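Across the two complexes that follow, chain A remains constant while its partner is chain B and subsequently chain C.
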Partner chain A sequence: MAAVATCGTGAGSTGSMVAAGSKNNVTSFQRRGPRASGSDSSYSRLVSIAGTRPSVRNGQLLVSTGLPALDQLLGGGLAVGTVLLIEEDKYNIYSSLLFKYFLAEGIINGHTLLVASAKEDPADILQELPAPLLDDNVKKDFDEDACNHKTAESNIKMKIAWRYQLLPKMEAGPVSSSRFGHYYDASKKMPQELIEASKWHGFFFPEKSSSTLNIEPCSLTHGYIKLLQFIQNTIYEEGFDGSNPQKKQKNILRIGIQNLGSPLWGDDICCTENGNSHSLTKFLYVLRGLLRTSLSACMITMPTHLIQNKAIISRVTNLSDTVVGLESFIGSERETNPLYKDYHGLIHIRQIPRLNNLIYDVSDVKDLAFKLKRKLFTIEGWRGRSFPNLKI
Partner chain B sequence: MFPELNNLLNTTPDRAEQGKLTLLCDANTDGSFLVHHFLSFYLKANCKVCFVALIQSFSHYNIVGQKLGVSLTVARECGQLVFLEGLKSSVDVFFRAQAEPHPLQFLREANAENLQPLYEFVREALKPVDDGDAAWRCPVLLVDDLSVLLSLGMGAVAVLDFIHYCRATVCWERKGNIVALVHDSGDTEEEENNILLNGLSHQSHLILRAEGLATGFCRDVHGQLRILWRTPSQPTTQRDRSLTYQYKIQDKSVSFFAKGMSPAVL
Partner chain C sequence: VTPSEGARGGTGRQLEMESVLALRGLVLLRDSVEWEGRSLLKALIKKAALGGEQVHILGCEVSEEEFRAGFDSSINSRLVYYDFFRDPLNWAQTGEALPGGPLGALQAMCERTDPGPVTVALDSLSWLLLRLPCAALCQALCAMSRQHACRGGGPAAEQLCVLGLLHRELHGPGPMGALSSLAQTEVTLSGTAGQASAHILCRRPRQRPTLETLWFSVLPDLSLDLQGGPPLESQPHPDPHTPQVDPASHLTFNLHLSKREREAKDSLTLPFQFSSEKQQALLRPGPGPATSRIFYEPDVFDDLDPEDPDGDLDV
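Let's turn to the complex of A and B:
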């Protein structure tokens, strides 16, 4: 029964111990250079996909998260085949904004989208995506913003906390338009023609919950099983895993799942401490298996502040690749604290994966704050002033 | 493998010990570099390795292995390495009903009792072959990592039973080694993980514990490694020998130094 992998497996097959027929070895982990595990033609095929670029560290294929500043913090972008978990802020304001940036980036780049939600209809979510900032408009706004900012701050050299002056500001200016990663205007909506021209699949749980299951009930909740089946179907039908010989896919599938783990998905980990504690983790495991074997990248937002059993949070973190936490100041005592007056919240980079490598790119700046001002979402190394109103 | 770690552990691939259970654990940091070390170490030591890789894909280990001087593709093709790729197999198991019991069968079941199919897979993979020419040194089971099994619904007792069965077959019957990684969340709420970690700690001959620095992130010192040698079968009145080093992970190697003696500081 357990077939030992002997030398008989072809060079192209992945040689898994359950040999399910010969599949094309389309994984996203391709090495740069002639000794790539795929052939040269498949490597050049990967490189030519719009909206992707290889990582400088290990040749890993990256897509933009929709926020160039976040891309920089994650070492260049989100690796294809991995999961980005966003721990939602308390009122799900900024995390849903990041979710929309992720989807908008997919539309701009022509990627296929898969939007899954239990709260809003995916069609409605797509209608509310932010509009991309075109270079000529934004240059003007940036210059005037920079003027106001610079006159106030840059001329003051810090005397006491002088080390903080060296903290970099994350990349905040727009560069050329055919770049990797775009800027979005949160106050305007994405033009209708761009949305209609895009290819997307929606999964709205209340609509799909009534259809029958053809998997025997394991400990996954109903919603997760249906979602996994839907994702797997889409990947297979559209050819993102390379197994369908008729469909040669040259595109990335961006999967966005909103509020995973919330009671709307039928999961009770946010309601009780002794709920179904393995449903979400099993879901994440199988999802990651699907992602690793296809040209797709996934962003999940999860209300981790609501999860009652803290052990689940650490398990979920271990089962995700990249984890970013958002903490907004709304309603907390920090909102009126003068230290934080320029910012709307903090960003915590909790985990970055070490893919194909012993080391990873980690930013030196650990205290990061974000703000949403004048339509733009910016992330900065937070300069906490030790003596806020002290007259020297 | 990392030559500096070999020096600290006082082993070389030629003189690898047999019949040992090595426990790797990490707390507040990523201990996967230890897994890469042992994988390349045992492949270089000419042992037959069964790698149950539950957390990353084959190409990830392969690319890192090439940096450390072993080729997993070659090892797999000539039968030295049996690789169970958890992520990929989980998709097969979950979506398609399998005719025969699959090692990851518990993913389909609501209340899987034990890990017997996985044990059968390991036993079959490390079965001694009768032909004399491809004689590998000793069988080695490598698991990355056991905490994932807890996340997927298995109880700590089921995982401990699995390791117990594997130890009986691999370590005692076939004089091989087992290396397993367990995450330590440091949180007292994670009861199942603590049971597993404590249970395994008492059975291990060697414990390597990678910890993040208590003072937080540092660019030049990535963490601290505590090495503990134990003799579980013969309780001795002597204290078990233990060493602590700090380390920095580089692109192709890991450098170890005594606490506070990082080259960046001196």
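Let's turn to the complex of A and C:
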């Protein structure tokens, strides 16, 4: 993808690679042009951007979503230049938490943020970000949680037949390698100095629109047009699309859009079935074009449970790259069901993109549930559809 | 608020009511044909007025005289009333109508209030929802609290309360869902056997929503009277604690082991568990595999070709 190609050090490295090729080669093949990343010899020549890593499968540049468990499910992380769509849970508790993790990860890695919302002021959103867990505390917390979990079951001996020992465990512990994904403490706020040191652009729709009472019958809702213009201007002015050659280090732009599609953006797909059904899809199409040609990654939360026309949901899914749905148990009958008692909700991975690939990078575990522990948001394979507490 | 039963029980209930009805932000009063909500709306208005708040009312569904009936004169003088019932489209062209229609009135309301606790009552939100685009109405409602906060006086969350009367049967799931997602509190009115109840769903930001049920009635002087619970004769038999769903109940195989079975299971060595006895058995050349053999008698339809036992050569 274009995004990956621009990560190289520019013409200099290309030239040197060609020269090296001609020195050692025994074939008449000469490498021309920018070299696709992923192969080992170009590894050291890539100027690595903070907070990114190439995918182990196809060399696609990835950023962390802020939740290492979610990164693992998405095949290593969120690819730069793609859209991650989160289908909100009914009361928008866990989806806004994921949104904050995404932004907090950007601040920790030093990425530039673009926060767009029609409900809350982006400055307020940034004040509410969770604090990162420092390394020395993380291990302690994990051991603590693990102990609490194990005491109930330690007195029951379990003989594991050999096959089950090979089942892959979801990685619940902290990644010991260099910090690609970080863990956050949802009960503490991010330190003020980190927020102030970060670079962010905020788009608060009620302030940007000239008048909130105008109803414009054009195909793209007023709010979406303004947002697209804002994103485009930011990308161009800050040089994320390579238009202004950046003297300084290349960086990633993390775009977070909250509650897209809600009536506060001026879109009525949540209110009626026959509303302006193309506005949102056009927005996503144009947004994807903007992202593909720049070093940015976008997370959108959308209240799909409110969208009345189900065909729009499938169109929206097709227009996004990665789609994750959250279903919380609050208020539903599952809350009291003992089968679900350990968890707060289910995660549905609805779509994973095929980027420079012929196959999907789907995880083996299909039934996933999440729970928000005291400090950590964990995603676990929910073992067994009917008998989670079965002891053989 | 008059305590219903004994002083202590009443005040306890009163305190509980105070906490539950500490309504701020957008509050939806969802009523229906059987259980009307206007009296509750008026009772809440009276409570706010007695509490010293500024009260603004957007009256669209009933006339001003009818709405003001029931309030005593001191409260009536404190209410600021915007009348959209008599002349909603401003055909009479009197100068007193606010520009911009009902949405303009909402905006003007925020501009005319002084900083401090304000209660705005919309009678009714259904009327507005049927005549205005839902998205514009949602934006206007959210803008109200923001504008009020801008004018000073602390965070908007504690200062402004917008009570919206919503008739459940008039709207489809779309607009209702959209408004519910914006509202901080939803009060759904229902009841049994002549006793009204209010199911109050509070959404606090970043916290789990809480659901409470209050049984109440509105007295003629528009004060709220809370009952302890549903009327006795109509109380359903207290549900025996619903038995926990036992996943292992209706199965075709047996999940529970008897003592003998458990002992047998514990003494079993798994096939790939390498114990020392097994190791010895393998090392010692023992008698041939005495476990199982397969005997096969070819019948008349078998055509075994010794050179092509699988029968897959195309000869």
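Convention: the second predicted complex is superposed on the first by the 303 of 392 C-alpha atoms of A that agree within 3 Å, B and C clash if a C-alpha of one lies under 4 Å from a C-alpha of the other, contacts with A are read in each partner's own complex, and residues count from 1 in each chain.
In the analysis below, a residue touches a chain if its C-beta (ideal position, glycine included) is under 8 Å from a C-beta of that chain, and two chains touch if they have at least 3 such contacts.
Just so you know, these numbers come straight off a predicted model, no measurement behind them.
Check whether chain B or chain C contacts more residues of chain A in the superposed model.
Counting contacted residues of chain A, the larger count belongs to B.
Once the shared chain is lined up, is A:Leu339 touching chain B (first), chain C (second), both, or neither of them?
The second partner, chain C, only.
Have a look at where A:Ser219 lands relative to chain B and chain C in the superposition and call it first, second, both or neither.
first
With the two structures laid over each other on chain A, which partner does A:Val286 touch: chain B (first), chain C (second), both, or neither?
Touch status of A:Val286: first partner only.
Tell me which partner A:Leu355 touches in the superposition: chain B (first), chain C (second), both or neither.
First partner only.
Looking at the overlay, what does A:Gln232 touch: chain B (first), chain C (second), both, or neither?
Only chain B; A:Gln232 stays clear of chain C.
When the two structures are overlaid on chain A, which partner does A:Asn58 contact: first (chain B), second (chain C), both, or neither?
first
Under the stated touch criterion, which partner chain does A:Ser314 make contact with: chain B (first), chain C (second), both, or neither?
Touch status of A:Ser314: first partner only.
Please write out, lowest number first, the residues of chain A touched by both chain B and chain C across the two complexes.
Common interface on chain A, chain B vs chain C: 215.
Which positions of chain C touch chain A when the two form their complex?
It comes out as residues 100, 103-104, 107, 133-140, 142-143, 146, 172-175, 177-178, 181-182, 203, 206-209, 211, 244-245, 247-248, 255, 270, 272-273.
Which bits of chain A are touching chain B when the two form their complex?
So the residues of chain A touching chain B come out as 1-2, 4-7, 9, 14-18, 20, 27, 29, 31, 37, 58, 215-219, 228-229, 232, 278, 281-282, 285-286, 288-290, 292-293, 309-311, 314-315, 318-319, 354-359, 362, 364, 366.
Any idea which chain A residues touch chain C in the complex?
Residues of chain A touching chain C: 91-93, 96, 118-119, 128, 159, 161-162, 206, 212-213, 215, 262-268, 270-273, 303, 305-306, 308, 330-331, 337-339, 386-387, 389-390.
In the complex formed with chain A, which residues of chain B make contact?
Spelled out, the residues of chain B in touch with chain A are 30, 32-33, 36, 55, 57-60, 62-64, 67, 73, 76-79, 81-96, 98, 100-103, 107-111, 120-121, 124-125, 147-148, 150-153, 183, 185, 187, 189-193, 216-217, 219, 249-252, 254.
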